[in-house]
Structures are given as structure tokens and as C-alpha cells.
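Each of the two complexes below includes subunit A, the first together with subunit B, the second together with subunit C.
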Partner chain A sequence: MTTDDSFPWPWQHDFPPFYTLQPNADTRRKQEEAWCTLILSYCKHYKTHQLDVAEISAGPLFNNKSIQRKLATEHIVGILNVLSKKGHVEWLDTNKKSCIIMWRTPEEWGKLIYDWAKSFGLMNTVCTLYELTNGEDSAGQEFHGIENWLLVRALKTLQSSGKAELISLGEANDGVKFF
Partner chain B sequence: MSKQLESFQNNLQEFAAKHRNDIKKNADFRQHFQQMCATIGVDPLASSKGFWSEMLGVGDYYYELGVQIVEVAMATSHRNGGIMGIEEMRKRVSKSRGSKSAAVSIDDIIQAIKRLKVLGSGFSLIPVRGTYIVQSVPGEMTLDHTVVLQQAESTGFVTKDQLVTELGWDLHRADIALEHLVREGLAWVDEQGDTTQYWFPGLFHSIIDK
Partner chain C sequence: MDRLQWSNVSLKDDENFHHSNDGVKLYDGENKASAYEDGNLVLTSHRLIWTNVNDERVCLSLDLSYITSLDEEPSSFTRSAKIVCYLSPRKSGTGSGPVTHSSYTFVRWSFQKGGQTEFMRQLKDVVGRRLWEVRKAPTNQGSSYQVGKLKQGIAGIEKKINEQQRRTDSTISAAFEDLDALMVKAKEMVAISKSIAAKIEQKQGNITEDETVRFKSYLLSLGIPDPVTRDSHKSNSKYLLELSKQISSVLVTPLQECGGMMTLTDVYCRINRARGVELLSPQDLYDACKLLPSMDLPVTLKTYGSGVRLIQLRSSDEESVVAETALLVEERNCLSADELARVIGLSVIIAKERLLLAEQKGKLCRDDTVEGLRFYPNKFLTDCIS
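And then the complex of A and B:
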């Protein structure tokens, strides 16, 4: 993942103890929360959906060279585990070397899409997935241009709560019906 | 003697009336005025009612400032455990007042906090070499804890060795003080320096803004 200098770092980024696991339980909770928020906004900013632990641990997110502090790999994995419990991360291997990261969970995307579909009067009509994310109607929506795998996940969460049904329209086009 | 005092007071009142706007808008002027009052033993901010505050609205000014100081303290205590350098407090309060308001000085913050103290709000000022640390959560700060904060003020952190060398403490005393500050959430631990460093988020911003 290549990055420019545009990310607006929070104050913790330059705070040396941020990179040491805190002994005080309350402080550690705050630290963990701050790391979770930082990781998600960093990935959102650079539109990253996949992390390789070894690669990311050497990058500026976890390694601040200007203050010579870095977060140990075991703690990086620890924080990613917390994000996994919250539904933002899925490990791609049992050794926890790489993961998918979703700064918005599929459920959160699902809700956003459903609310938009409802406000656009799309109940009980079929639309193609392409239309959904690339059509004029969704221009300006946050989910516009979202990657297909994530879109399908989002729609599947709606499907399990009976709010949508994924439909195969043959060949490359898949569609969805909202209820 | 009392006749002189009375005439002095009258002059002061005339002065106050004449320079009302200056007192409201100009921090130096305000401080000068306060000093004048102190000389004759008059405290223009003693009550929120009465000639002075009605005449000048000065009571309201410090009351308003006090409220804003409390708001800043409440909004940041989650992060800094209730301590903050006074310059950072001044900046944050100025920011919340907006760019159209008259500038807020360090002395204004000091005066407002002194008023808050009188109300028993748990605010206190810790003096450090020419400046102050504002403490807004009373907790169980002992003199040792305060002294550690004073040591940390210029760099944002202390080490155990520093307390031993600068203050002549033994290691046990340093341990107790630092453990308390870590337990209260005022200090974070950094293990990646040459020795363990104890950093204070409340003093960290003062460093990066300097």
C-alpha cells in the first residue's frame, strides 16, 4: 500500500507511550479505542481493504520514525483481533498474517443502502448490482463505487434479515430486490 | 485616613465608568485596573451583584470565562486526567469564544479560576517556574504528585532517575508517586526510550504548541 502525506494524524500519533501497551486498565482501554479508530480512519482515507501484517507494521501507521516508536507486532495483531470482534476485520489465514479490513461493517453498509433504496422508492423492484453502485441515482452516496465483494456482503446481511433478496440475472449481471 | 480612602474609591469608580469599554476589551488594561483595586483593598469581582459588576459587567465576564473553562476541562479530562498547561487552556477557551471576541489573557484565566475555587469547584492552579498547570479533578493529589507534574512541565515527561537526581528522592518515594499518577490515568508509560518514561497527555499539548 503506497501512501502520501495527506493523512491527518491524531495527537496520539506523536505521543511516545501510545506505542507501549499501558499497564493501567482504564488507560489501556482508551489506548485500544484510539488505535481502533486510527486504523479504521487510516484505511478509509487510503481506501485500503486488505492488510498484510508484516508490511503494515513497517509503515507509518504503526511505526513513527520521527519519535522512534513503534507498536510491536503482537500488539498490532491484538488490536486487529479487537476489530475482528467488532466485525471490521476478517483474518485470511490461521496464522494471522493478513486480513480483510472494512472501515464500515457489511451490516452498516447494508443499512445505508437499504435506507437509500427505500427513500428512492425501490421497494419490490429489481435492480442490478451495477446500477446500484454505478448508476446516476446513487451518485453522491457513500456506497457509490463500492467494490463488488463488499456490496454482496452488505446485501447478504439484508437478505438474512429479510430486507432484500439477491437474484441471479444470468451471465455477469446479478441483481437485488429490496423489500 | 478613611476620607482619603473614600475619595480614592470615588476616583476609582469614576475611572471605571470612564474606561468601561477598555476594561472589557483590553487584557492589560484589565490587569492594571485589578492591581489598582488591590492596592486599596477593593475586589471588583467579590460578588456578581453590586456596583462593579453592574457598572462594568466585569463579574459577568469572569463568570462566563469560568463556565467555558469548566467546559474545556470536562471535554478533555477523558484524555488528560484533569490536568492541562494554562496556555493550552487559554488557547482552547479563546477558540471556543471565537475570533470575533476580545482576546483572553493568561491573567484572565487565572482570575476566572480563582473565582471557581471560591465556588468550591475543585479547580486549582499549580505554579511551575513562571507558568501554571490547571488541575480540574481534585482526586488525591499530594504535594509529591504536584512536584512530579512540575518536573514534567517543560518536556511532558519524567523518569525515575530524574526524580531521584533533581528532587533528591529515594527510588521508593519516586515509585509511589509515579504509580499513583499512572493509576489515576494522568500518566502513560513509555518503555521504548533508554529508561522508562512517564508522559502526561495534559502537558503534552503544551509541548507541541510551543
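And then the complex of A and C:
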């Protein structure tokens, strides 16, 4: 995590009731929605892929020192569960101590990559994964520099819908062919 | 007669005068004590004191503690009535008296002018109380020398407790005698106040409007002229039905004054104050209030989510209460229940119910911390997500 502190906090972050679980169902839904949006945009801003619940609960995301409010750990887990239902979070252990977080779901990434490949005329050609993430063509794309495991997962979603096929080129140098 | 000692008429510190009788002659056992005729016999809390009517210096006293039992000899043609005091043996501490040794274990008082019946009654009473023991006990505590003389141990303690209970009983019954008298007069009082009110209305010209209004308010706070009581109704359900009607009619005005809501505690106080004497039990009041929602009355009982039960006007509009509360919170950024209570001048319970209601309606949201529960305008619903 970088020390860059320029993350633009939404107004909720300074709103004390944000840190209390709201009993009113409508209010609660909006509150959870706001937390989900905040967590994803925060992780996106700092390019975070993995969260440790204990660590993150002490951090500025769930802890606003200026108004002396923090979200209780059980509620953090609750919010992450909501995100997990939406496909943004996957727990790494059954105790729910840490998780991977994907501000875009693999499906969304896959679509992004497929649309790009299509516009670049890469259909029916094999390109290596390295080319995709670090090649000159993809520079400036959001998935440029994406972590390998996430890329593989994104491509696998394409594969299962018949839009791409992963090809093993050996020695950890895999390729993909778009259809 | 050797238990009698020379004395004078002045009383000791904690001694009290009880009764006296003239024309009393002293007998040592069966024998007439010729020197002690025609005297005045005084009964105090501690002693019997006999004084010669002609010479006050001739004064004898008998400690009541000597008396073991009492007897009465009725009068006949030749004999006047007598009280017989059987006595315990002479104690060493007794002062000197007219006789140093007597073969009799009793003395007799002959009442030549009558009055023995009343004297006997008083004497029995005083001896029964054994005040000389009660008085000594607290002052001589810890003195081993005195212990032997006092009633100690369990019997003593029991006696003390009994004495205490007797006194408490009499205090309580004395206190309630007053109340009973008040109850008897209460209806009359209400009738009088009504007639005064009517007279005032007639003579309104003589009194200023302001004074009339004030006097009327005093009269009104005197309360319900004809309270519904259990006695006046045969069945319990009829009684509660009537009671709930009365509660409704009494509470309409105060409810309008205080914003349409009242806690059951407040209702209990108001109703009983208005009734004055025929007080309601909390259970009867509660049972009557439970009937309110099913009746076509302007007042109803409402149970809130938190379990609080409030009496409120049927007409009081939930929407407007919520809107008002939300507005107050918005004006002050945030409010806790007691702050709101101060703002609207109602009880904290009601203020809290209003906040919870507004929250339930989505107008407010909560901030629950160790410092307490505060409510904020519900920006989650009004403002956009980011």
C-alpha cells in the first residue's frame, strides 16, 4: 500500500452514523452500498488485491480518527460478505481473516480484455499473457499490469463462455487465443 | 407494709402522673394502719404515692415493681371497697419507711369515697406496661451490676419488639383515622367547591376575569367529582370499561397541552391526582388503558417497538410528529433523546420514542457510541452514495 493520501473520501466517511449498523432496513441497505463502493474505490485507488481484516480494521478506511469513529470488526466482515456475494471478495480462509478483493469481478475484467482484443484485431491469434499485461499495445489500459492470477481468472471466464482459449506454452509462459 | 418508704410528692425525672384518688386508707395486710387514714393516693408510671390530706409531710411511696398481682374487694354495708396489692419480698435498696418488718405480703388500699374501679383500671394498665423496666434498659446497658434486675435474654428482646410493634400499630391507626375522616368529607368538599364555582360565575361582574380563571383552575385540579369505583360496579369488566371512558375524558385536555403523548406513569399520577381519594391501583389503570384501543374514544394506548406504552390522542398524526422531529434534528445537526426532551419539553421516554419512530420511517439514522445514542438526519437516503 502506498502512502499516497490523496484518496478522495466520500462524505459518509465523516458522517458518524456511517459507523453504526442502521436498524432501518432501507437505511441499512444504503449504508452497506456506500461501504461497498467506498471499499472498492479505496482498494482500486491503492491497487490493493488482498485484505487482512485485522490490518484493515485498524487502517484509515474503517477508522476515522478525526470524528473518533470506527467500524467494528464484525461489521467489516459483514460488509465484506456482502461484497463476496457480489463476486468482489473471496475469502482465503474459513475463519474470514483475510480475503482477496477484486474491484472488478473476473467477468468484468474478461469483458474489458475481450473488447480491447477485438478492437485491436487480435481475434484468432495467439498472444502471450505477458504481452497482454506488459506489452506496448495494452499500455494505458486498465488491465495493464494486472496480476497474473487475476488475468488467468478473467480469461477463464472468457474460456467458459467460448470467447477465448487458454493455451499452455510451457515454462510459465501461457498464451491465449480469442475467438 | 415494709416495702413502703418515706417519700415526697415530687416526681422523678422520667416519672409520669397517671391518676389520683382522695379518701384512701392504708391497710398493712389485714390490719388497719391507724396512722394512715384519709389520704390522697397518686398513681405514677413508677410508684403509688400516699399523702396525708392534713399533713403533706406524711408521704409514703410504693414502687410498682414490688406488685406481683392485684385484687379487688367489693364494698359492703360496713366495709368500703379495697384494692389489694400483693407484693414481692423487700429489696435491700429500699429506703426506710414507717414499718421495718411486716408479716404480710400484701397491702390494701381502702377507698372510702369510692373511685376504686377507675383507679384499679389505671393501676392495672400502668403495672402491665412495666415502664420502670423499659426506662432502665437503655441507660444501664453494659452495666453488669444492673443486668440481674432487668428482663434480659430472649424474653426481654421479645418484650421489646412487642412493645415497639404496639407503638407502631397505634401510630399507624392514628394516622389513618385522619385519612378516613378526609374520605368521608371528600364528597362534601367537592360539592362545596362546585357550588362556589357556580356562585362565582353568577357574580362574575364583581371579580376580575383573571381571578375567575385562576380560581376555576384551582377547582378543576380538585379533580373528578364522581370517580368510577369498583364498588359502584358489579362486574370487573363493566368497571374497567367505565374507568377507561373516564380516563379518556379526563386526559384529552392535558394530552392536547403536552403534545399528544403521555407515558403510563404520568397518566397514573394525573388520574390519581384528579381522583384525590378513591385511588386507582396501577393494575386497574393498566387494565382500563388496555381497553382504550378497542373503544371509540379520542384517547388510545399505543405500544411502541421498544416495548414502551404511551397514552396518546387518536388524532395525533404520526406523520407530522415524525416530520417535526426530523426537522428539529436537522436544525441542530444531531440530537440525543434527552436533548430532544429538553427542546420539546416532554419526558425522555417520549422523546426517544419519537426519535425511534422517525428512524423507523427512514427520516433519521443513528450513531451508537459509548457516549450514548444520537440521531442524525438520514443522509443515506437523501444524499447520493458518493
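Convention: the second predicted complex is superposed on the first by the 175 of 179 C-alpha atoms of A that agree within 3 Å, B and C clash if a C-alpha of one lies under 4 Å from a C-alpha of the other, contacts with A are read in each partner's own complex, and residues count from 1 in each chain.
Here, a residue touches a chain if its C-beta (ideal position, glycine included) is under 8 Å from a C-beta of that chain, and two chains touch if they have at least 3 such contacts.
For clarity, every value in this text was computed on a predicted model and none was experimentally measured.
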item	value
Side-by-side fit of subunit B and subunit C on subunit A, or clash	clash
First, second, both or neither for A:Asp14, with subunit B first and subunit C second	first
First, second, both or neither for A:Arg69, with subunit B first and subunit C second	both
Which superposed partner A:Tyr42 touches (first subunit B, second subunit C, both, neither)	neither
Which of subunit B and subunit C A:Tyr114 touches, first, second, both or neither	neither
Partner chain(s) touched by A:Asn24 [first = subunit B, second = subunit C, both, neither]	both
Touched partner set for A:Phe178, first subunit B, second subunit C, both or neither	neither
Touching partner for A:Glu33 - first (subunit B), second (subunit C), both, neither	second
Part of subunit B, among the options 75-83, 93-101 or 129-137, whose backbone runs into subunit C after overlay	75-83
Those residues of subunit A which subunit B touches in one complex and subunit C touches in the other	11, 15-17, 19-20, 22-24, 26-27, 30-31, 69
Subunit A residues within the subunit C interface of the complex	10-12, 15-17, 19-20, 22-24, 26-27, 30-31, 33-34, 37-38, 41, 69
Complex contacts: residues of subunit B adjacent to subunit A	78-79, 157, 182-183, 185, 188-193, 197, 199, 201, 204-205, 208
In the complex with subunit A, residue positions of subunit C that touch it	334, 359-360, 362, 365-369, 374, 376, 378-381, 383, 385-386
Subunit B-touching residues of subunit A, taken from the complex the two chains share	11, 14-20, 22-24, 26-27, 30-31, 68-70
